[in-house]
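Look for chain A in each of the two complexes below; its partner is chain B in the first and chain C in the second.
Right, the complex of A and B next:
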């Protein structure tokens, strides 16, 4: 039934799915934004007469997109987040008539919903009249009533995504101190903004590893030095050698898993291991949308996203192409015990609580348990 | 941005960036290399890595942002049509509109297909032309952009061919069909193209000399994979329509356009540095492209990411891909080697081992069997204790216990083999016995069916040089000389294979580079030219008009340029009236004729003064105007048709020495001409010596002596000419370094002779 209902929106979903499959969109934030736009389109066109139908529509879209590109976790995360917001809005709306006035916190509500949240408690648009599900006279009345609120909820997620870099960076000065030496690798917009924000009125040095074979570190180094930060670009091989002088390793993440491990650009594992050997703290900067309620318990091989060997070995090297198997993973899996702190737009999470506390709390707050499997 | 630059409406081809990008797929291979696998279905529906080739092609085009695709299908057109209908591409949201076009059975070549495209009026703007067996991740849209950009400034740039850099001995290069490209380094314009077929091999490719004069830097490359991705403008199909004898897009069309001096169209190349593109042209490239896909060169077109068949595979260590739907049953003791793909619902029994192979869906590999480097299509059952090496096994094949299949075998769909049989290398098996069972008219045409009987005989060992036999291809001796093959060597520079760039190799049996329309009888042509010139002389045409007339004549009768030149020189010489007794009057007459018509020699195409002098000499030797040779030569020199250097170069040529001719009055005349030439050279030297130092005077003396007796320095006329042409064009690039070498040799020879004197 849900299949039939989403038929009209199929087109935009399919286009995004094929874009994801063909890697025309890359990058967590870009995919998250695209997903959100598609979801907004889907919801605005969807016809539903109760909450379950709506949830099912969105889940099916989510399933389709995740299937198209299982390695891009921010798609699933965005869908989960939107679902979470929809349920929240729905609850506020249905309870609205009776309970919106009751703004005080009860312990039962705290247990039910987790910690109180900033946005959630502020009621959105006043919903005119009462929402009635499965109204046989006017099946669209439920959708009509709920849609404006949902649009606002999606707008909230959108806003969050748009300001994510700045929000991650807002406490940068607490983490980087004058005359420190920071090591980073790859080109991560989050880390870039973080470092640049910290550089206001503070002198410190950044060592950027080249990050072969993408050499995105070069771009990062260029950007940082243009911003007036004293920057060194070093080959990846010297990461270990330089580690003794480094005060802090700051990494970006592709996805943060529920156990506190993460996938990040190739070379991150080397850097984190070297840092562990020198007891250098490893700090990860990432937007909250990268938190995923998934695990990498079996160390799935394909999750490293193996790319094109031509970055490593030219295709014109005819004799070698035949004899050499080139393995060119795009991501490294970094274990939770190699990471000391996560800095997200939802605050900083101290190392001690990464595993249990932070993730249980954060995930509960962001996603609903039932959506872990889309 | 560009829509404003060009006047709207006028050039609909170029100005709109928003325009729908069209592609044309020629889904028919027009050959039978995959028989018997292709008896029941077209090649473009053969699976590679468990997805039909056509789907890979669609995916490659989708990756490039193509929105509308025309699939031209001929054999098994109905099957192709159905396959397209059922594929994911015809669902909404695929972003691509696919229109299958069924052409007539009479379409036997890509050229016919192009004419069909023209008559149907399918394409409305620049389009991408690919074959139905392409696997690529090249950004074709980028090529289209470059092409359109170029078209803005140069309307004659009608086509851009995409080629991929690769090594000489790259596995993905089809050994059967490689080609030599001569490119301008700056503009990447393709100046000359010659296709090579695999067997027999040849080490010589001939490149028109005129090219070096106009292009200071050329690259001669044999290390490119021709991906058969062409960005064509709308003119291309109409050119095919005009030249109805064009069959192949490369051998006839590209070669024809580039060698034609009437059409004045340019073809460019796009040398792709990044990305991957290759065509499944034969069984060998089938193997290498499968390997390339499995080792992820085609990323993101890889089995675990964007499989065109929509299957989902799990990528595990060592590039092993196993279908992800938990339907694959792998026995605990089986061995799965690296670079292997196993389709869904396939069972692999105890102790079986699979290495570097692709196994289709619903297959069953028996206990203790070994499959290596092989490609097994769906629903195939392999019994216990079989070995299969480097072969392609069709769909629904049943190979019974203890069967051994050696390398290079192709087993057609539905064949039952065994038990306990041994299949020799390069055998091809198919099911059909005797006359065709299938009377369906959308099956193959009769020609194919009769051909099938041979397949039954099934030993295709010899002709498979371009096939799966990797070990054999290298061993074919490469010393077959073909210098005597071409009669018009005079107008060509010859390039021997140099170790530096690549092994330039050419087949002897170049299939119809010059369409075999039959050369017009030589004498007939001569008469035509003579008449045409007489008319021009008597009616006082302008030189341009006469030149155009001659060019057309040459095109019509399809003769080499040198013939025309001979005829023109002869006509001019004969035009000079002989005046007895008064050298001054005679000289004036000559000057008048040469002054009026001499330029024609250079206008008819291909400026080559040395050749001109040679022809003049040869003509005078047989003509009554022999005594006038010196004066005519002087007149030509005065008119700047020949230069001093040219006369010197001519003088050294073995042909000019009368080498290789029977002694007789002609040879004497030739020698006499030579002496006159020597006189002239001496005069030049004297003129020079006025301004130069004493040293040069010594040289004059030596030169005079050298002239006296025949010089034997060079081996072949071609080499010498080449070195001269290098002199003409001192800016020639390093790519032609071989020529420079030969020049050195020559100088050395001279100096050694000097010292003898």
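Right, the complex of A and C next:
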């Protein structure tokens, strides 16, 4: 495999990598979208004559992007998802032509996959015999055959990303009842859409914490009140005091980990802990692309993502600046025990089954195990 | 002719086979049970699937009687029997099928020996540099994990003595020999040490359907203390230890019997006894004679002595740890939340 053509360092890949590194693109959905667009370009230009070459090309791009910004997990997720689709399309395309899929049943397989399926695999009637790997006469024929279906698959992923807010919000009315008091913080588009959808023909109150130091809560409060929702903007320090009157805490997420914990904007942990003290339910709204097959176990402070300290203490306080260390972490890690439910575009899950459904059902459908480490 | 198998099976001594297989230090009871059952197939002349499964079930029954704690053996037997029943076969020749089943069993046992390494690799990602780990008793998979971790990171280990068998000492010796700093602590000192510990790592006898853990007695109290101190409690279990059992309490385990935790009928009703009032004791002795069991010592001249053997006789070998106390189960099929285990069991045994 010496002549595997590693993706010619695409300009688009490098541009995205530097944007990610310089944080000119932030947010899980924006990065996921950009990654997907870059991958589409890479695939359309790539030259490969078998599946392994293609997978290696995508992986090398994925590694490049993940290295550029390891804290934006949705980049890796998108790459994993595309790889999964590539394999799936490849399998449907080559089924019938290859005879390697002989059913062998062993104890380890039995443990892993359960009882053997009764139905015999019906060979697909559509036989695309045209797809031939490593064709020495025409090395590009494989790529020509596979590319159109891959483009379709990527379009599907793109559509999913584009409709994710509405799909998360589609059951909003089941979660927010009339005259409830909801507490939220930060400016999450998912939560914003969710709250606005629930507000159709229903009166309820939202308390928005300012969410220092970004003060993105102000933006959220403005947007909600413009939509006609009764909104209160409160300082972060009053979250605990107000919690006794709150019926439900609704949070957005940056990334959801396989154990059901999540990274969310700073302040989420305060809200979730205060909610626990009052037994107030904590609900998290997030698109499925935020689910990551990774575990974060050691949430040391230094492992967090840090923002610009001048948001906390600016240079106008010049005589203080050299006397104190100022840290401004972007995200809090919220432990799965503090979360009651995740509302995703693929149904509602308790944190414990993020693992069970998500890792085994959703993630297996979305990602392949071998791609967990890109 | 049909009677032949049941006549012949007893000729093959499955419990002897099991003992022989268990001589191998690397083979754990469930695998040994699977290997013993493959030998049973080899020696049985069952001519139909029905006969074969019956022979396997009989063999399982025999194996169960050989030990006081059949839980892990049972896990292996059930796995293999379910596999045999579900094995898709269209071969006209039943002997070929038997050969294939034997091959599958042996193949699995050979493969399964690599599982501990797989689990160690998986668990390694969860052990950070400088960790202080508490472990309990002796477990091959825990040993392998700790030794692997030692190659990559600085770890130190507290290990409980794990009465009555005292296997913790074996763990500490093995670790010290490899250069891992380790200290044996008393079972009663677990709460004392817990604040110094980063996480608890234990092996397992079986992981049951609820996701709970069956392991050397004392695991449960360690899990409870770990929870109280907010420390993660990790269990390591090869997937052949997944066992289709749903205990609701300690006393639902198959290893529980009436002897465990029984009160010996004492010969003296007074709680405060010393050697000085031996005369009172002997007077009462005749009155309570009829209720005597073998445990109570009728020798009226010496004070009542309680020996270690007596203690271990009416104490359990294993206990059950509730799933909500377990943070994660590391297995060769992946790192699972306790609930994740049931999914594999349902896949195998339901439907």
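One rule holds in what follows: the second predicted complex is superposed on the first by the 319 of 374 C-alpha atoms of A that agree within 3 Å, B and C clash if a C-alpha of one lies under 4 Å from a C-alpha of the other, contacts with A are read in each partner's own complex, and residues count from 1 in each chain.
Quick note on the criterion: a contact is a pair of C-beta atoms (placed from the backbone, for glycine too) under 8 Å apart; a residue touches a chain by one contact, two chains touch by 3 or more.
None of the values given here were measured: they were computed from a predicted structure.
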First, second, both or neither for A:163, with chain B first and chain C second: neither
Contacts of A:230 with chain B and chain C, given as first, second, both or neither: neither
Touching partner for A:259 - first (chain B), second (chain C), both, neither: second
Which superposed partner A:310 touches (first chain B, second chain C, both, neither): first
Chain B versus chain C as contact partner of A:18, first or second or both or neither: first
Touched partner set for A:326, first chain B, second chain C, both or neither: first
First (chain B), second (chain C), both or neither touched by A:318: first
Doubly contacted residues of chain A, that is, touched by chain B and again by chain C: none
Residues of chain A that touch chain C when the two form their complex: 103, 105-108, 110-116, 259, 295, 297-298, 352-353, 355-356, 359-360, 369
Complex interface listing, chain A residues touching chain B: 10-15, 18, 21-23, 67, 301-302, 306-310, 315-319, 321-322, 325-326, 328
For the chain B and chain A complex, residues of the former touching the latter: 59, 62-63, 91-95, 164-173, 223, 274, 276, 295-300, 304-306, 312, 314-319, 338-339
Chain A-touching residues of chain C, taken from the complex the two chains share: 34, 79-80, 82-83, 86-88, 104-105, 107-108, 111-112, 125-126, 128, 232, 239-240, 242, 328, 333-337, 339-340, 343-344, 346-348, 351
